[in-house]
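The following pair of complexes shares a single chain, subunit A, combined with subunit B in the former and subunit C in the latter.
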Partner chain A sequence: MSQSYNRGLIEDFGRWKEFSAGMWAWIFHKFTGWMLIGYLFTHIAVLSTAIGAANGQMMMVGGEEVNVFTGTIQGLEGLFIVRVLEVGLLAVAVFHILNGVRLLMVDLGIGLESQDKSFYASLILTGAITVASVPTFLSGVGF
Partner chain B sequence: MSTQQQEQPDTQEAPADPEMKGAESPQQERLEKKEQGLAEAESVDESDVEGESVHLKVFRYDPEVSGKQEPRFDEFHVPFEKGMTVLDALIFARDEFDSSLTFRHSCRQAICGSDAFFINGSQRLGCKTQISALQQPIRVEPLPHQEVVKDLVVDMDHFYDQMHAVEPYFQQEDLPEGELEEQRQDRENREKVKMSTRCIWCGACMSSCNIAAGDNQYLGPAAINKAYKFAMDEREDEEIKEHRLRILEQEHGVWRCQTQFSCTEVCPKDIPLTEHIQELKREAVKKNLKFW
Partner chain C sequence: MAERYSSFTPGGTGWLLQRITAAFLVVVLAFHFFQLHFVTHAAEVTFAGTQARMENPGYFLAMVLFLITAAFHGVNGIYNALVNQGLSGTPKKVVLAILTLSGLALVAQGIYVAIVMAGGSIS
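Right, the complex of A and B next:
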């Protein structure tokens, strides 16, 4: 006796099909949170070219000379992959906001019995907003 | 359809004995119908069930026998009976096939809290889970995140330690005057703690909790629910409630809960565990936030 067996984490990602709504909401909230933090750093990196622009640094974009800040942004916006990533960023941000509102409701104890429905609603709303944003984000590049 | 079937014997009987018809036939009809119904029900049962068996895959592990120290799954085929639960099937398998199959069970009516297993990927009470509601083969494993002692028996010590850590007993010092005076709880207050009193200490919630799995010091849903029952009890003085909240608002108390609703989902007694934890969080904030 007294010897026992530790099976470790049983409910690992291999059981993802058995996860409930609340679990998925938690995973997506963490994931989108980290994505937004990651974006924050690239955002700061791009914005920091304004320092160079303020010091009068210039660069060439499409044959004309513009300041570094404008040039960097125009260069990035000209790339198709950046536009696609922007759509992804919007999806991530919208889900994080909507699920954040859902979590606020949970914290306030409002509508706890329909927490799974509010998760599905935030997923559907995120999808709808993302799809609706595609023409705006991809104008001039893909479309 | 049934009315048509009843009319047919009526028309056959009517010419033979018209006088008796008024007196006896409604009762007879009822009896006949009942017998028919019973016969139908039985025949349906037999045809449905005959030859049907339950396919169980049961986790096996025995540290005391050298050949069984490597965990494995054993398969059992148990004859199905109407209303059979997972626990019934396990008992059948143990009694008829393998007497070394080990699991805890006692009351078989979902009140002792002994037979919480990991059935088809979620924590359920064996005695409360109908086989007919499950997909076969039915995978029966011991509760996750607890160490396995043997087969389906897990070590519950840590769970009980957490339950006791929240001081789950009534602590009122000032008792009412008079020898026969009782400490009465008003109806509203009783209604408020009603669901939390249903806990049967089965450990399903603790086992389903992702946070409790990673943080061994986390009190867990069951213990917090226990604390809720006493913290919300108005018969205890305000100081005692504050003492209770001080235990709960520690680092490994209510704030570990990330509202995944796993515990609420698996609780066999339908206790709104997440709701109780959230309410205690609000109480803890209210206690610490002072605007004057």
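Right, the complex of A and C next:
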């Protein structure tokens, strides 16, 4: 008794005006996933300065000579734009975590009828955690 | 055509592993963010502090597992997103090869860095 019908290409981003809560959750999950894996490669690249530091490589930061690992991280952390990007990274990671938990529950069949509400809850909680973290993330560069 | 009696198609294994790594990553990523932004502020991270943390075997092991699961989860996620988007045939195989090599290179470099941080040396 199953019926098949052509629902068009679901993964057609040109249909964004037709998107429902579940579709937006799917889009945001992909978008944040791409950002997180991109960041992971960058993160390991920055942390690789530990190899230089272990070999005694030094650099100057603010007129002070420090090892290249400490200098790279503190140099980056001294930049306002890096702190803002870190807040963005937190927002992206928190959403991906919360929506990921939502997806695990959907997979297990828990609360399927409120999957749209749990998407909105993920968004609101992400916003709240991000805003609450701003003072910690921007301390020393404006706060 | 031979019937398969498994619930998991080859793609299904990727799906299951994605969920298992997700459950692990939820906990470790939250810990990682909390540890390096709220306990130790990122701006106060020094090589000495990193060495002290990485010399703890439990922390070292957690970070290496974190790297491996995150690299797998990310690369597997990208691959599935692209297949879902319609990637097939030879491009699919090429993308899989590139993603696998990138993931392995990331894990290899990350483990090398972790060992150096913990006071070991390879060269």
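Keep this in mind: the second predicted complex is superposed on the first by the 128 of 143 C-alpha atoms of A that agree within 3 Å, B and C clash if a C-alpha of one lies under 4 Å from a C-alpha of the other, contacts with A are read in each partner's own complex, and residues count from 1 in each chain.
Operating definition for what follows: a residue touches a chain if its C-beta (ideal position, glycine included) is under 8 Å from a C-beta of that chain, and two chains touch if they have at least 3 such contacts.
The shown structure was predicted, so the numbers you read here are calculated from the model rather than taken from an experiment.
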First (subunit B), second (subunit C), both or neither touched by A:67: second
First (subunit B), second (subunit C), both or neither touched by A:21: first
Which superposed partner A:115 touches (first subunit B, second subunit C, both, neither): first
Which superposed partner A:57 touches (first subunit B, second subunit C, both, neither): neither
Which of subunit B and subunit C A:107 touches, first, second, both or neither: both
Touching partner for A:48 - first (subunit B), second (subunit C), both, neither: second
Partner chain in contact with A:140 - subunit B first, subunit C second, else both or neither: second
Touch count on subunit A, higher of subunit B and subunit C: C
Interface residues of subunit A shared between complexes with subunit B and subunit C: 9, 11, 103, 107
Subunit A residues within the subunit B interface of the complex: 1, 3-7, 9-11, 15, 18, 20-23, 25-26, 103, 106-109, 112-113, 115-116
Residues of subunit B defined as touching subunit A within the complex: 61, 63-64, 71, 118, 121-122, 141-142, 144-145, 147-149, 155, 208, 210, 213, 258-262, 264-265, 272, 274-275, 278-279, 281-282
List of subunit C residues in touch with subunit A within their complex: 19, 22-23, 25-26, 29-30, 33, 37-38, 41-43, 45-48, 50, 67, 70-71, 74-75, 77-78, 81, 84-86, 102, 106, 109-110, 112-113, 116-117, 121
Subunit A residues touching subunit C - in the complex, by the definition given at the top: 9, 11, 30, 33-34, 36-37, 40-41, 44, 47-48, 50-51, 53-54, 67, 69-70, 73-74, 77-78, 86, 90, 93, 97, 100-101, 103-104, 107, 133, 136-137, 139-140
